[in-house]
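The structures come next, written out as structure tokens.
You will see two complexes here that share chain A, one where it goes with chain B and one where it goes with chain C.
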Partner chain A sequence: MARRVLHALSPARLGRRLWPPLVFLAILLGLWELALAVEYVSESILPHPKDIVVSFWELIGSEFVWDDIGATLWESVAGFALGAALGLALAIPSGLSPVMRQMLGPYAVALQVTPRIAIAPLIIAWAGFGYSSKIWIAAIIAFFPVYVNALTGILTVDEDAREMFRSLGASRWQTFTHLMVPGSLPIMFAGLKTAAGLALVGAVVGEFISAERGLGVLVQQFSSQLAISDAFAVILMLMFLGLLLYGAMEWLERTTVFWLHDARLVARSRRRAAKAEKKMARDGGVPSGPQPTLAGRR
Partner chain B sequence: MLAVDHVSMKAAPGEFVSIVGPSGCGKSTLLRLIAGLIPLSEGSISVNGREVTEPRQDVALMFQRPTLLPWRTALQNALLPPKLGGKLDAQAERQAYELLDLVGLSGFEHTYPRHLSGGMQQRVALARLLMVGVDMLLLDEPFAAVDQLTRERLNLELLRVHERLSATALLVTHNITEAILLADRVVVMTPRPGRIADVIDVPFGRPREQRMVAEPGFQELVLRAYSGLQVPLTDEADTRQAGVHGT
Partner chain C sequence: MQTRRETRVFSSKALLAVMAAGVVAIGAGCGSDDEEGGGGGGSGGGGESQEIVYNLPTPPSALFYPTLVAEELGFFEEEGVSPKLAPAAEEISATAFLDNGDADVSFADVDEIILARSKGGGHQAIFSPQHTNTAGIVVPDGSDIQDMSGIEGKTVGLESEDSTRFLDAMLKEAGVDKGSVDTAVVGTSGPLIAKTLEDGKIHAYVGNASDFTALSANDVALRNITPEDVGRIDGNPLAVLPDTLKEKRKAIVGFLRAWAKAQYVGQVNREVVEEIARKKVPAEWRNEASGEAALDLAITLMKPDDPKRIGDLRPDVWDTGQDVLVTAGVIEQGDTINVEEALDDSLIAEINDWDRAEVEAAAEKYGGGS
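The block that comes next holds the complex of A and B.
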């Protein structure tokens, strides 16, 4: 396992994977500088890339920006958790009962086709200017992909596997915990990943409308002051926040839905085999050789 | 809809019976009726002298696909029946090791299905089936998903396992050669609704071997089975209820 990781991070391999995006970045920065050099755009609208980097470091060094980062991160994470919890709480009964599905289906679609950002000002009016309104906005936006994907996951659980569980006399609860839940996890995680990104969108939208703290507030302030490089720097921070949330979900997916990832499966197989061997050595009974007990077992 | 009509048969304990017929002759339905997975509209089915009304612990159905749970190792998949039955203990675990060894999967106990070939996955499914401790094995084209050569080998291994278990086996297939090679008796069925056309006793001794297929006597049985299948098909709507009788 360690060798695998080392192999993946070896300079040659890393170089092969890194050069295509780096070449694209160089082209982009070249065009950017060219546009500024020929004065196609003014420096007051589009700052030099290096100015953005300088602004970024200055902001990171200042104390106030961390409060804003913390505010946006908290709103996104709490909103995501709330939206995901609501999505799962409704998807599970919908997946198990056709009546529930018919009951909720039209409203789930209605909520999906409505631009949910339009609800944001109302939520600010109801929940106030503090964190809770942004959390609710993030939750409403994050809810839908979790609901739809969890529902799809439950509904697409292998019909043969269900019949197998029935033939083994499994209870409804056993079928749910041992088959439906793990079986729907892969599709559910696709929804959770989308929702994590959307929760950040919701938090920033809420901050745009009315807030005291948050990266959304900073972008607005810097833009209105024409501190464009600072505004760009904040957008960079939002990108990093987004990457952080997505990366966290990706990591959670890999550990939870381990059976779709070869390296994890191999590692788990080895661990289990080692554990079983240890247990066998301890108990002394090695299950091999002749098996006189097979016929007439019960 | 009427799937199976006037099918009456008996299988002795330990006997291996094949049911062969074209698609739509109700072979799979028949197995699901015996497994207690679908209710019987008329007639009766008994296993071990007890009428089948729901899925039972002494009757086990093997599906066309292995339907293993990808998040459980071969051993854990084999241990699913005792796990669901609340009887997961050291003895069950020992039994699972033995059965995996019996189906030729020794050394692969802790491998996940994703890293097992189609044939190996179906062997795990067989081990899981045997964990139930059945008296009646219902096999619904168990190796339909693997290639022909693997299938032939798995079939003979299945026979070997069956001989050690003293369980009654009921194999459904549309492959006549396979049906004859494996069974003591072959039931030939015709479709829409499923009816019995012929019952063939297979005189070959055991253990069976693949090369028996080439013997003249075997070819005669194949021809007889084919002629049994040649019953004019009628699309006449039949509203009578399904009746299955057996022991």
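The block that comes next holds the complex of A and C.
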């Protein structure tokens, strides 16, 4: 494990991975500075990148901003979890039952095509001014990608595999847990990753409308006070929060749907093989457990 | 079948994780809604304090410094109230917070209260801390527009679509056809307002005094051309529903007495208010000039006509407010309200019944001790 981490962090490897985005960033910053230098854009609207960096570090070093980061993070994570839970809870019965699918499908689509930002003020009026309203807005925005992807995942399970399960006498529950859930996980995670970012958007929209604290409140406050580099610094923080949420889902996906990632699958197979060998040596006989294999690779 | 074994193990984990997340999330989404509070601060001494939820147009801000000062100097605690802030925004009517039971008292606009009553609501104004209109119209200092009549043929930037009725009324009063004026919703972003004014895309801006002040503090010179009578209309009077007033009278009076004491501190000891504002809302002081200007504006807006009757209600300016709405066609002449019935000044004497010297001493002590 440690060797793998060291290898991943080796300067040569890091350099190879980082130079393309760094070059792009340098070009972007160069154009930004040029636009300011020739006064194509006013400094009152677009501050110098270095001012944003300075503001960012000053804000990170201050105490008050952490309350706002915590508020936005909590609203996003709770909203995402609520939206994902509702999405999965409705997608599973819809995937298993055509009647449920017909019953819920039109409403899920109707919810998706309704501009949810427009109903955000109403949600705040109904759910109150505290965290709950922001969590519900985030949840409603995060719901659809999870619902659609989970449903698609369940409906697109390999027909041959389903037939095999049937011929082996698997029960509906066994088919569901051993075939449909693992089969739909990759698509489901694509929806979860999209939903994680959308939940953050929902939380910030809610904060724009009515909140006591949160990064959305700070952006508005700084913007109305013409503290524009501070406003950009908060937007940078929101970007990092979005990356954090996306990264968390990416990590969960790599851990859960390990068979989609060669290195993880091989490592897991090796660990199992080593375990089996140890057991064999201890018992002095043929290992009783199953042999490691790559047969499950999809 | 090794793969099946592995798959089963990890599917179960994933399911468990999703279920756990779902339980947590549903708990969070459906739970009680008081967790974000804090603007109101301490619970008061000995568990005797009564909670009161108040609605302000902003998050905690120096623009409404009395809540910050009352909390810091212990005025709320003295009065046995535990206030909780329900911050609103332009999109939600302040009176809706009362109708929905989301707030006990709400700092609304004069027109919001008049409109709510004209539609049959029982909303009443019981306290009015700002004896100056917080809304207005400004032009760049060097503009040739001197008053509302000069707006003809020009483009006016608006804070929000809601500002249209305010502009229409001012235009009608000045005898300017509203069809001759173009409007554009610019929003409240300071840099954007400054840029559109500077570029000449808008010639005037209808918005809030706090926005004008922030712009002026950042070298965008502006001139206020709001008609004098409109400028006198109270900003953000406090609205309440009669049933709530009956039920929570003691707490409401306590809350407003603490507010009045803190408002008074602003009139006699600016330094202490600034010290408290810097501590309570540090984000507003990231831009020093804006912070200073916002506090000066708040203190000016809250200068009472009679220092012994802080928050007094002035029926004449409400009549003007109603006239503005009728002129703009927002309400029909037949739907106008009886202003006297909308105002209840029976609490003002009680709210102002406290020792000025004691409050001054408390502020002095805080300023010297911190």
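To be clear about the criterion, the second predicted complex is superposed on the first by the 278 of 298 C-alpha atoms of A that agree within 3 Å, B and C clash if a C-alpha of one lies under 4 Å from a C-alpha of the other, contacts with A are read in each partner's own complex, and residues count from 1 in each chain.
The criterion applied here is as follows: contacts are C-beta pairs under 8 Å (C-beta built on N, C-alpha and C of every residue); 3 or more make two chains touch, one makes a residue touch a chain.
All figures in this text were calculated on a predicted structure; none of them were measured in a lab.
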Considering only the touch criterion stated at the top, classify A:Ser167 as touching first (chain B), second (chain C), both, or neither. first
Which of chain B and chain C A:Ala211 touches, first, second, both or neither: second
Name the contact category of A:Phe258: first (chain B only), second (chain C only), both, or neither. both
According to the stated criteria, A:Ala227 is in contact with first (chain B), second (chain C), both, or neither; which is it? second
Contact-wise, after the overlay, does A:Gly61 reach chain B, chain C, both or neither (first, second, both, neither)? neither
Touch test for A:Ala273: chain B only (first), chain C only (second), both, or neither? first
Does chain B (first) or chain C (second) touch A:Trp136, or do both, or does neither? second
Considering only touches as defined above, state whether A:Pro98 meets chain B (first), chain C (second), both or neither. neither
In the superposed model, which partner reaches more residues of chain A, chain B or chain C? C
So in the superposed three-chain picture, is A:Pro106 touching just chain B, just chain C, both, or none of them (first/second/both/neither)? neither
Touching both chain C and chain B, counted on chain A across the two superposed complexes: 178, 182, 258-259, 268, 272, 291, 293, 295-296
Residues of chain A touching chain C in their complex? 42, 44-45, 62-65, 71, 74, 78-86, 88-89, 121, 124-133, 135-136, 139, 177-178, 181-182, 185, 208-213, 217-218, 220-228, 230, 252, 256-259, 268, 272, 290-293, 295-296
In the complex, go through chain B and note every residue touching chain A. 35-37, 55-57, 60-61, 63-65, 67, 69-71, 73, 75, 80-81, 83-85, 90, 93-95, 97-99, 101-102, 106, 109-112, 114-115, 132-133, 164-166
The answer for chain A against chain B in the complex is residues 158, 160-161, 163-170, 174, 178-179, 182-183, 258-260, 262, 265-266, 268-270, 272-273, 276, 283, 285, 287-288, 291, 293-298
Can you check the complex and tell me which residues of chain C touch chain A? 1-8, 10-15, 17-19, 21-26, 28-31, 33-39, 55, 59-60, 85-89, 91-92, 96-97, 100, 102-103, 188-192, 194-195, 198, 210-211, 214-215, 217-218, 282-284, 286-287, 290-291, 294
